[in-house]
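These notes open a run of structures that come right after.
Each of the two complexes below includes chain A, the first together with chain B, the second together with chain C.
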Partner chain A sequence: MAATTNTLNPDADRAAPSAAQSLPDWLNRIHPAVWLLALFLLFVPAFTNDFIQLQVFGWAFVLGMIALSLMFLAGYGGMVSLVQMTVAGCAGYMYAIFGHSAFMEVSLGWPWWATIPIALIIAVLFGTISGALAVRTEGIYTIMITLAIASAFFYFTRQNYTIFNGFSGFNAVRPPPLFGVDWKQATPFYYLSLFFATLSFLAVLYVSRSSFGLALQGVRDNARRMEALGFNVTAHRIAAYSFAALIAAVAGILLTWLNGQISPGTAGIGPVIDILIIAVVGGLRHPIGPFIGALIYVVLRTFALDALVAVGIAGERFQLLIGLGFLLIVLFSPDGVLGLWSRWRARLRKRRSEL
Partner chain B sequence: MRRFLERHPLWSLVILVAVAVLLWLILAPWPPGMVETFGRKKVFLNALFNGITLGALYFLVASGFTLIFGLMRNINLAHGSLYLLGGYIGYEITEWTGSWLASFVIAFVAVAILGIVLQVTIFRWMEGQDLRQTLVTIGVSIVMADIMLWIWGGDFYQILPPDWLVGAVETPLISSISRRTGDPSYLKYPMVRLVIFFAAVVIGVVMWWLLNRTRIGIMIRAGVDDRDMLAASGVRIQLVFVIVFAFGAGLAGLAGVVGGTFQSLAPGEDIRFLLASLVVVIVGGMGSITGAALGALLIGLAEQFGSVYMPTYAVVGTFLIMVAVLAFRPQGLLGRK
Partner chain C sequence: MASVAERLSAAGTANALELRGVSRLFGALVALDDVTMSVRPGERRAVLGSNGAGKTTLFNAVTGDFPPSSGVIRFFGEDITWFPPHERIRRGLRRTYQISLLFGDLSVLDNVYLACRGVSRGRFSLLRPRRNDALMQSAIELVEAVHLSAVRERLVAQLSYGEQRQLEIALALAGAPRFILFDEPAAGLAPGERAELVEILSSLPRHIGYIIIEHDMDVALRVAESVSMMHNGRILKEGTPAEIESDREVQELYLGGGHG
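Then we have the complex of A and B:
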């Protein structure tokens, strides 16, 4: 796995300048590009307007987190789960139901310190149970079952008025005014989502290198052999679902704050598929992939309309553009943009060595 | 039959009792006490008949899906789009020629040709890569959905059946007995639905015959079991793949015409029918035609009875069937390990 987890900074192992000998080893191994990226992300609000911060970066971080949870399951566990968006939607719904919304006949109005943990716990439970169902079958079947679960959730929330308030869902769901900051404003939300996105990115990176993550990758590559070695394959898979559900649940609450509302459409079939598209387009081999995919998706969604109108095509053909782009990626680079990048680098290096 | 009786005496008894109860519910006029608790018999019979005909439609869609899956291990998530495209084509043909029957043939052929194009240009190049093929079908379905939205817009379309199918027939089933006069009134049911139901049964039987009694059927079944071995024994497996894909896609197109006749066509129906076939195939067992029939019947009935007797939880009922099957028989009711 070392080869794949290091696609981002392949020179990390050899580049060890002597001046940095005093730094701890793990700091040393971080590629300068990563530092640059971190610096760039920290100072984005200094040179962009509210729209870019919220509608582009905010969305990219949140969708990237949900896609990250899918990437974790698919990339390390070999289980393509379409239920991640639904888990996020479930967390958002629970936040709205237990907390405050415009529809107070249903919302319970609990304080935030009770609402958020309960929402997270219920969403993780939901994700775990879905996972427990999905792992009863293998490989390609997982897609079918998780898609069926996701659609059942969608249709159920749309039909149920006593708990989920049916078609209209919940409006005016706000983040709690912690530390006197209105987290719904662009810059605070930007940093909030950046924080959680970074946290979940690092968590996935850490878990993928922990013994649990390594065992999970073993299960992905050969479940029977791992079983023979004494590992509980089913338990590992279900635990992976729980971990992914936690990331998706956090993202779901952020998503609800970003939208200011939650309705069945939030976790409808379209968004569920979109998450898969984001993860696949970005690349399923490294946790940075989903965020790249999410950024591409959000930029396309935000600006494709104007671009399409500019070249004389109706703006509604945005879905066609997304679909065609997705088809091209899947047809020509199954490991997404990351795969394109690493192949381009490999070709470059080959050419350099030929010279 | 006798072996089943000897092996599972308890189950046989349960099935016998269930069939007897069902027959009594359908044939006998309900006593007033029953009517008070369960509602009128007409409602029950209508739900039963609607469930069976809906199951027939689901079977048409899902059998193509399960056939393609069984042979090629390819979850064709564009199957719903093929269904909707078939429906739209059927609508255009009916409007243009005025012939309802011609629309079936043309929708079948047109969608089958599309299926061949997909198989030859895309899926052949990524054989054995199940996940990639499935992802491609997602891309195809998104593109197709948007092109269809482009051409036909977001309106509802309905295919009009010919005159000789419009109207209701009186079935020999008693729906209620008038308390005053004692005269029985009989259940009336739309002709077109009955015809479609029988057509679905005929198609199912023909498919069963093709699969179990013909040479191409033998090849397909062998391919489901072990496609490498089939290829090694000299069968041109690519040809078999193309035929099966065309046939499965064509069935979806044909089902689109059926669905457009007794329901309606609109964007979003593609996803609805894709999900229906997913659930049907999960419940019935992947790759099994009989399983698809059983699953379609169960899901159709569950949906109709659910929407009549507990409207808010109809979807959950369908879902619970799926969960129960997954929990106790992950390979589906008639699926093989």
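Then we have the complex of A and C:
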């Protein structure tokens, strides 16, 4: 994929000569491999069963989006936020609380066209406020503060029964039957999540080369100089949290539909860390990374159990396998699968030039 | 708070830069010691002083990188002592860094584009910069003004030292600067590059004043009309270049001290 080149340089765009005049410039620049991938993803439901569509691809798209929101903050902003899964959980909760669930003593039963925007707004506010608290810190302290917020949210939702229905959360949370489609079915949900995953992927790619994205990368590389150029560094960082929160919030609602429920465990400490693992394993250098990481994670989670049982190890140890895989990848390639990929390509190119 | 009219009339007559009793401590170290100085709009001032005299600290106090511990700083009449750095920059103050602070992973043009963006609207714009943007055009012109057009698309990390120093200057010229602080722009440059620097500084519009920190007397005297001499965090002498050069105390402290 053309993806692995240095995306931080917006010149990649400008430098590209427009060879064929018949197609718009941006269409011409799309690598054939991208077309192939797009075609493949469009036709996945034609040759896979419900299980693969929902449990593998559905999950990979949704978790990939949440990890993407982390990748945006960490990759372009240099801010490792552990609060992204919590933002997603917050959106899911709000959807269940304002909308419908099995627990109608608490759920307000508002229509979807009110519930979804409200859930998104509240989750984005939550993400923004978390960002505002975190941006004045750096490195390990950012991780600690966002982790503290994530834990606080987890324990609060577990103990609060009047709003969050405590330990059990909300069951039977369904997507609205828009256009007469039951979006919880495998194939509709596959396309729904594919659509939003693609949309957020393209949004991040686009924003990374916008004025805002460029400035964010400037802030990451050299905050002091950015201030001396007239940029309000703090405001830029907080705005990045808002943008990332929107992606995580959309994913959070999808996640709630996919699960059919939302409970404290959805955004517990385990899942919060999983998102970090997904993003790092995939690679933080390009927005495709989180989706690769999510696919690896979901495949391992789904099939490691059987594989382990087959070789005579207790199936519950799949977390061990994920941990081991994480260790191996970080050991061999600190910049994740994407890093492996670009190094492999570099070696190939070198060999070809030696011939 | 002064009324708008008062502030406007103050701006008309005010000094470009005015420091009153500015001090800066680093722990027990007094890096700036009760500095009082004023620079008229359009005035070009050189600051001399040995290593550790507090010259860079003076700049850091003015730009807000390290705000003063006490004292008042006025910029065209406005009290900016407690403004965050970006607010000072947006009012027309600019600076370069003694040790280049650039974006190594971005191209020369993108560095300058960022600088232009920083002092214009649309800092949060989600639109991508295009070749024919007005802002991109002014970035291209600025690159040309500092003689870097030939390496415009190159990544800054790949530039030579001298080219990086020139880029530092381009970043300070973005937008509509009213007053610029140059921190040793000539340090480490080859003679040819120094001549180029002098030419760039001399060709700045007359209304733009600046302070230049410069060890090399030859350069300083060609680009400045007044000189401040710093020592141990204090302003020791102020005067015309001729006065400073002939001053005995200055000669003992500085000119005889192995510099230049």
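The criterion applied here is as follows: the second predicted complex is superposed on the first by the 335 of 355 C-alpha atoms of A that agree within 3 Å, B and C clash if a C-alpha of one lies under 4 Å from a C-alpha of the other, contacts with A are read in each partner's own complex, and residues count from 1 in each chain.
The rule we apply is simple: contacts are C-beta pairs under 8 Å (C-beta built on N, C-alpha and C of every residue); 3 or more make two chains touch, one makes a residue touch a chain.
Owing to the predicted nature of the structure, the values given are computational and were not obtained by experimental measurement.
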Which superposed partner A:I140 touches (first chain B, second chain C, both, neither): first
Contacts of A:I273 with chain B and chain C, given as first, second, both or neither: first
Touching partner for A:A239 - first (chain B), second (chain C), both, neither: second
Touched partner set for A:L331, first chain B, second chain C, both or neither: first
Which of chain B and chain C A:F51 touches, first, second, both or neither: neither
First, second, both or neither for A:A215, with chain B first and chain C second: second
Which superposed partner A:Y206 touches (first chain B, second chain C, both, neither): second
Which of chain B and chain C A:M226 touches, first, second, both or neither: second
On chain A, the residue positions that both chain B and chain C contact, one per complex: none
Residues of chain A that touch chain B when the two form their complex: 80, 133, 136-137, 139-141, 143-145, 147-149, 151-152, 155-156, 159-162, 269, 273, 276-277, 280, 316-317, 319-320, 322-324, 326-327, 330-331, 334
Complex interface listing, chain C residues touching chain A: 63-65, 84-86, 89-90, 95, 97, 101-107, 109-110, 113-115, 117-119, 122-129, 131, 153, 155, 171, 174-175
Residue numbers on chain A that touch chain C, as the complex places them: 6, 8-11, 13-15, 206-207, 209-212, 214-215, 217-218, 221-222, 224-233, 235-236, 239
Touching residues on chain B, where the partner in the complex is chain A: 73, 75, 77, 122, 129-132, 134-136, 138-140, 142-143, 145-147, 149-150, 271, 275, 278-279, 281-282, 286, 311-316, 318-319, 322-323, 326-327, 330-331
